[in-house]
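Mind looking over this structure? Questions follow.
A, B and C label the chains in the order they appear, each numbered from 1.
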């Protein structure tokens, strides 16, 4: 039981990161039907930016993170602007276009920060807490708290602000949104920027958990995407649940299958998606052909 | 044509002579390039031809290489036996990876195939049998009597022959029935299904082809490098391969090869600056998808279109030549279609609320009703696109409720679509050919074992297609893509296509939409002649003039319910119909009903 | 409903409006005026080009036009998303409410181009007064409403922008006769309050009762114009509708 709890808690913090990545995927997808395969590389950019500011310019962790989020958001704007002609038109081309961006970003990361990775020390020192025999790292709690806050803020933005409502309206019916005076392109750009910002947040937070390297975004991106689909693509609660689920699944497969954890994770994911293509909270039906 | 043959001959000679000008490093590079070209052709077949997003192609490559390596080093099998088993294993894996495509498409399929590819690299990095991160070395040299394949110059010729064969076979598939149906499915899976293309089988075929090409390339890789390790088969190479296919032009196999060669050469030139090379090809991928989605292979056509504006509309639409009249159906002809109390709701919204109707053989039945009354939903239920939430559909006395569209199509139901669903990247002739072709996907083995009979069959089909085109006056447009044609002509192509499937029941969804007066008149003649040839026709139409003059029998729908049924005169006089169309203020007394209707 | 009313001259002037989709000419050289404070109807069979006309006025589809004015303001170069800022409210065919948002959010988004202040809240109350049923459903998701309620929401949303001209596309589509009566009552009330309207409809009865003048379109062209009273008894209209 204790081992179970330990694995569960351990999986949650990485799951929270996946959830943030998944939120970015879902937000962008639900507003403009664009699947951003470069999202994982955007996460890496965020991780490098945050760790650079934190380590070399000695900015406080929070500030370093904020700067990283802003800069990464700007990258999101660029990607959206370039791929705008394909929005809501050709899914497959768009997908490949974002893969192209991912290739470029990965190369740029290597050019700027080198091919070798770096370790980021935890910004919150201190011994792990001991709760009924389960050891919990303080940084894990920080990650969970920040991820929860970000989710709440996002939900608040979407449901309580005018711009957030407009963004949702664009997602639901872009023609009607245009007719009430919403600038669809600008709204999409904002969504993309927020998505990239969430990726940077995930990247910044994951730095101290994993080793920051040019390749880390690939795995994070794919698992975050899997999380988004698992929860129901486009659904905000789905992204959170899906992220946590993949994190916990990851934790358990790592415990039971050691090196083969990735294999098992993706096999389980494939089976789930085949049984229920719309995910847990998904409503869209998949074309029957 | 003569130029093309000359060009191919020159290319073949150049390829044959190439090793004489290369040093030992260069020939090694060329040998690797050829493997990428082979992989690219496989990916092109799945993605460009079959429309299946396959991000596991490099994993297929890996499976082929690893199985060869394991069977030769661990099990001690001879190279060629191992190679055969490796290709078979890759094909099996390919079918397994393709299974999700039966349920999901597009980006979902992308993530699943990518995830499974990662699972593969994860496995080989950890598995004892695969040598872990160090991989497997000491793979024996493949033996060939009289040829020393440890010599890379000679290995080049082996690869060249395989690539030429692979390309030839790929082109053979693409240009005949199987590939045509795959391309049709790529352009419009719904319409392809409605014309009898077995969409699930075709998707599996796409993955089967891709994996066989991947497996063969893997075997050659094992024989060439004689060492396999996980990093050769990772995501980075997958994305590189994808870039090759996109930049070259995914819909053209030659384009895939050109893309593979171009990108490999550029990468080799920039070998000291791999990151710059990566930035360059990533950017080119982005620019390609935004500005030239057809890639390098599509450039000649685009340039021609931009320069000359030739081929805009090269010919004229000919007259329709009526079919010979069959026997007139007896008055008590049996029912072809029986719709019984069909209900269809979408998330609680009732689109059809207990619709029943019976269509007798040889009838032309009109279905009319205001917008949103459920007419097209009814067609979608009959043709199998929707499974009704209640009720049943009988065709020829057989319960066909909820059968897959392609089964219904093969049973004899054909249809057109309200918003035209022609296969955009196929020519007009190919559009018709897809419908004419009765062959099944499981007969695909004939491509390997009886290629000549496939070719002969295809030639016969082409002759029949030309007859169809001639009958519908479309001969002048046979080689053009439908979207370059005027709208009215496209409508006619769709009808010709639907009839080419030789249905017993033809469903026409708003065939007159967007047609001018003259075209509407021709349409009327066409439909009557089609009926006279023995096809039962059900037509949804808003052009009341056409409906009233064409149909013996009209069913009126409103809000998902049949509100009237009868002869044109009866229907036009029915208060419920006038209410539905005009509101109820206009009494019928104002106007005398004409006894004869013509327009 | 207090609506800005300009007296005398035309509210909307359309001249030489043409729409092409690919090779099809959906609307051919259509010209007409909507006098200020009046309602004009556009009727015709399905596929005659009614919806295209409306979308083209808004700029939602590519079009060419020689003149397009609201009052004295030239709209021919105004982007679709800015039409509402010039005083054009739009009730799209098929209602097109935002299904995943609440009724109240839908209405508020109708006033997207304005500041969400006390005046907008007052507008909200006016809409709730006009459509009592929406007031009861204000917290409900729009996608969960019945067809008739969605239609009212769609009209209410357009009114929230305080339009000088309301464009309505088939508000009766898919509704029962009783609900069509309700919609008619609303349109008549808006008309009495001096709102200019352009009503595109297939339901001729509704249109004749809600408007003073009508255009009958056929094959993308204006086939007839006249007072609604006169057209109501014209057998030609029946021919166009029922194909007799």
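Things to note:
Everything that follows uses one rule, which is that a contact is a pair of C-beta atoms (placed from the backbone, for glycine too) under 8 Å apart; a residue touches a chain by one contact, two chains touch by 3 or more.
Quick caveat: nothing in here was measured; it's all calculated off a predicted structure.
No other pair of chains shares as many C-beta contacts as A-B.
Ranking every chain by how far its Cα centroid lies from the centroid of subunit A, the top place goes to C. Remark: subunit A and subunit C have CA centroids separated by 43 Å (rounded to whole angstrom).
Distance from the subunit B centre to the subunit C centre is 41 Å, each centre being the mean of its Cα atoms.
Inter-chain centre distance (subunit A to subunit B, centres taken as mean C-alpha positions): 34 Å.
Within subunit A, not a single residue touches two or more of the remaining chains.
In the complex of the two chains, the subunit A residues touching subunit C come out as 162, 165-166, 168-169, 172-173, 175-184. The part of subunit A that touches subunit B in the complex is made up of residues 35, 37, 82-83, 85-86, 90-97, 99-108, 110-111, 218-219, 222, 225-226, 229, 233, 258-263, 266-267, 269-270, 273-274, 277, 286-289.
Those residues of subunit B that touch subunit A in the complex are listed here as 47, 51, 53, 99-100, 103-108, 110-112, 114-116, 118-120, 122-123, 125-126, 189-190, 193, 199, 235, 239, 242-243, 246, 275-276, 278-279, 281-286, 288-290, 293, 385, 387, 405. Subunit B makes touch with subunit C in their complex at residues 349, 370-373, 483, 485-488, 510, 513-514, 516-517, 542-549, 559, 572, 577-579, 581-586, 590-591, 593-594, 597, 599. Those residues of subunit C that touch subunit A in the shared complex are 58, 60, 80-85, 90, 92, 96-101, 105, 108-110, 112-113, 116, 157, 161.
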